[in-house]
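Sharing a structure here in structure tokens format.
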Amino acid sequence: ADRGRLLIQCADQPGIVSAISSFLTEHGANILTLDQFSTAEENGKFFQRTEFHLPGLPAVLGELERSFAAEVAERFDMTFTLTESTKVKRVAIMVSKTDHCVLDLLWRNRRGELDMNVAMIVSNHADLAEEIRPFGVPFFHVPASRDNRAEAEARILDLLRGNVDLVVLARYMQILTPNFLASVGVPLINIHHSFLPAFIGAGPYQKAKERGVKLIGATAHYVTADLDEGPIIEQDVVRVDHRHATADLVQLGADVERAVLSRAVRWHLEDRVARHGNTTIVFGSIGS
Amino acid sequence: ADRGRLLIQCADQPGIVSAISSFLTEHGANILTLDQFSTAEENGKFFQRTEFHLPGLPAVLGELERSFAAEVAERFDMTFTLTESTKVKRVAIMVSKTDHCVLDLLWRNRRGELDMNVAMIVSNHADLAEEIRPFGVPFFHVPASRDNRAEAEARILDLLRGNVDLVVLARYMQILTPNFLASVGVPLINIHHSFLPAFIGAGPYQKAKERGVKLIGATAHYVTADLDEGPIIEQDVVRVDHRHATADLVQLGADVERAVLSRAVRWHLEDRVARHGNTTIVFGSIGS
Amino acid sequence: ADRGRLLIQCADQPGIVSAISSFLTEHGANILTLDQFSTAEENGKFFQRTEFHLPGLPAVLGELERSFAAEVAERFDMTFTLTESTKVKRVAIMVSKTDHCVLDLLWRNRRGELDMNVAMIVSNHADLAEEIRPFGVPFFHVPASRDNRAEAEARILDLLRGNVDLVVLARYMQILTPNFLASVGVPLINIHHSFLPAFIGAGPYQKAKERGVKLIGATAHYVTADLDEGPIIEQDVVRVDHRHATADLVQLGADVERAVLSRAVRWHLEDRVARHGNTTIVFGSIGS
Amino acid sequence: ADRGRLLIQCADQPGIVSAISSFLTEHGANILTLDQFSTAEENGKFFQRTEFHLPGLPAVLGELERSFAAEVAERFDMTFTLTESTKVKRVAIMVSKTDHCVLDLLWRNRRGELDMNVAMIVSNHADLAEEIRPFGVPFFHVPASRDNRAEAEARILDLLRGNVDLVVLARYMQILTPNFLASVGVPLINIHHSFLPAFIGAGPYQKAKERGVKLIGATAHYVTADLDEGPIIEQDVVRVDHRHATADLVQLGADVERAVLSRAVRWHLEDRVARHGNTTIVFGSIGS
């Protein structure tokens, strides 16, 4: 409970690291890890993630935040967030019919590998309800299709509103409208079943088979209005050859999908992912 | 010298494996390895690569070829090639200014890893002449650019004609015209510095940096009239992150390029690569 | 149901491939895949795995077996097994307290990726009973420790006898006695949580941390009387660095363990694994 | 030339990051990257590597060093080194008969990937002299064997003394005595052709073949008096199977060896590697 995270970004300039570390030290904090990145030596944008230990943090968090704003952030024209590391994020997982990604997330959560509070599973199909029941997470079946999209999205927004800090699309096969994305108010992470930017859109394994690639992959990315074009958090691949039918690619790819999505979600939960334009900075990830 | 390779393809149907293996056994050959592949259980296309040992093969190769045509190939409407495994292919390597791919090929050839006869290096720049000289291979400088393309290609065709069995484009940065490809009369293998079909065309590392991918790769493929669209022989990737500038991607990618190209060339030299439409079948490759 | 598998081994000699393929063709079978391997060009041992399609196979299997023995096997002094591919193997999974390996096997079985009949889970602890219940597989709690080993093993043998074709040790942390191994009568596959032969025995992740290795791994192997010395079926690794505490290695390693064990079990179920001394030949595995 | 590196280690305690960054900022330096690591949250040992930009660094380096010692290092009981990043290390490469490791180092050096000054190649055989000549590096042939070890080592020490900052054993197949190691006065990096601690000592590929492993590897480590037991800097592996003869393992392994050694050498040259007991901390390596 006495562990905090400070994330900042600002124009790169001399003295930032010193100012932040001196501020924390003077306020009684011990820096545990400090990662920083500048996008360029000249006129770069600067990002820093700092984890620290400060006895009694919960009681002084608000005051620390005000002091940092006044003493450091203003001077460097910084945006920042200061949080307790132990505050667990609330997560909704959206899924259609395939189970491998959602099961891997729930199982890692149960094991203590993914520190999140799974508030709900939302699915446009009822198929996975029974598989998910043993995990003790609410399962909401919201039928969605091309025909009732507006209505379905409204229902989903009702479920999510105020209840979650992150939405994970764990092979949710419906398109989400720009309107939904604008309204949801929290980040969304999607798993795409190809090595982006290869094979954007539907049927990537079929396309991979047709093109005769020798590796297939998966990509976890933040969702933006442009389909499969959002900032990439993590990717991985597996070797295939001519003997693999499309069904084999689907099966092998499932293992890559669940691994990639779980890593991306963990890094997000640990506040390791900063967005820079359409790319990401992933700080100090030790799990890939 | 007594080792041969038989490659066949035909419509899939019962009895092919038996017919081929019986033919070889009856003619005194001992089958060393046999790899086969059918593209589908129904109406598939069948491919087989067989290596065998037959004492005195060079003396009887022509006769064996005629017998196989008459006794087996005709019956199954097969196309086939029958060669001595020890007959070394003659190779031209075309290159521009970067040395990593051509050096890796020459070095593996010198070490005995790549069993080929490098007949010549052709370059549109003189830069690499000195680096290549210690390998004792003829280096031909044929300046080529947008302005003199027809003339340059004619000179290159004069050099290649009748002298090579394979052309390897080891980071040759000039476009080759459909006319050149139609005239050259031997297969061409190209190394593209991205994980195709991602980042087709020029500047793939710059595009990869801009897209923020977490892996970069390289692709070796046969050259067809469609740029970067030919049948893929081999691909591989390496992990990168936000800290890698484009120049770092170029440097890391070079290692992947040379490894991927060397594997593809070796598999081609060993007659392991069959083409099926715009894809490849790579038989029994043990080197990746 | 009309698909069969023929596995043979014998001293290498000319004519084997031809004899087998002719036999199958003459008996009306269509060869689907054929993989063979010889351990040496001179005086080698020869192994072959053949999958074929034969309409009405179940009705003629016994007769086919007798014919093969008489017409082919005797001539080459071959040992062989001839089975229906669709005959599902019965498997017992033994486990202690960690769930990742057993869950991955059960998930893949439920999804149709691992074609086996899980006859029972046997555990020396009750901890995992509830997690396993949703899969509908019998769970037998057989407390075992240094003190009651003989009694516990007798109870386990009672459960297994006549009921299973394979035993999978999915992180079963008790030692099995040579007496048990001699009595069980079916193969056992174990997952060891290191890259063998590195870190044999207990506590491999702790040892890996102390040695400062940069990769950790897992090994699936057949169980023999020598601890961690049996024939290796599959291995894999994951990159680590100085920042990983032993607990991180345990967590990262779990993903490698479950992947490696699942692949090894699948290859065994598909009769792809032949044993040669203390090593394995894995035929045509397309899933790694 | 205005870029510097500060490496420190001391007992972990609050205020270190702040003290260092404030010192640098106050002396006019701009911090470019800062990596730190503590071995434990309680009573840990703390390591930090800082790269900074300071206009006119060469002129003030000595003064900066004295100030840092007085103002920071003493207070925290720190050991530290402060260097110009652009000061190129002088390297001797020792080699026997195989060329792949030494050539890869020389190629990368010529391409500008490895920023070192190769002062000399020392070999106990004359075989590679001609291959190395085109690189313009002195080649010293010092025959060494069991019989003349003391004399050979004395000659090598004469060559090295005062001339090099690092010795790289790029497949040097002679044992170096504790006396040599005590006298050489600079770090040595060795490449061992196995995934340590598996297959310590001679003939690792043969041992790997006999054990039937499914991956082979290589390890770069600092040399200590205990053979193959020094702190590991980098390791990697490549997949193999039953079809690979020992000679194939040697060939495939060579690619892993050269890649692993080149990475380890680069990280050392960039002062990224700190030693902690018998393990290493590798800071911010972006090239694997």
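Which chain is which? They are A, B, C and D, in the order written, and residues in each are numbered from 1.
The rule is short, and it goes like this: a residue touches a chain if its C-beta (ideal position, glycine included) is under 8 Å from a C-beta of that chain, and two chains touch if they have at least 3 such contacts.
The structure presented is a predicted model; accordingly, all values stated were derived computationally and were not measured.
Compared with chain A, the chain whose C-alpha mean position is the greatest distance off is B. Centroid to centroid, with C-alpha atoms defining each point, chain C and chain D lie 41 Å apart.
Rounded to whole angstrom, the centroid-to-centroid distance between chain A and chain C, based on C-alpha atoms, equals 37 Å.
Within chain D, contacts with two or more other chains are made by residues 239, 241, 243, 288.
The touch graph of the protein chains shown is complete. Contact residues on chain D toward chain C in their complex (touch as defined above): 37, 195-199, 210-215, 217, 231-237, 239, 241-243, 276, 278-282, 288. Partner chain C is touched in their complex by these residues of chain A: 99-100, 103, 107, 111, 113, 130-131, 133-134, 239-241, 243-244, 248, 251-252, 255, 259, 284, 286-288. On the chain B side of its complex with chain C, the touching residues are 14-18, 21-22, 24-25, 29-36, 38, 41.
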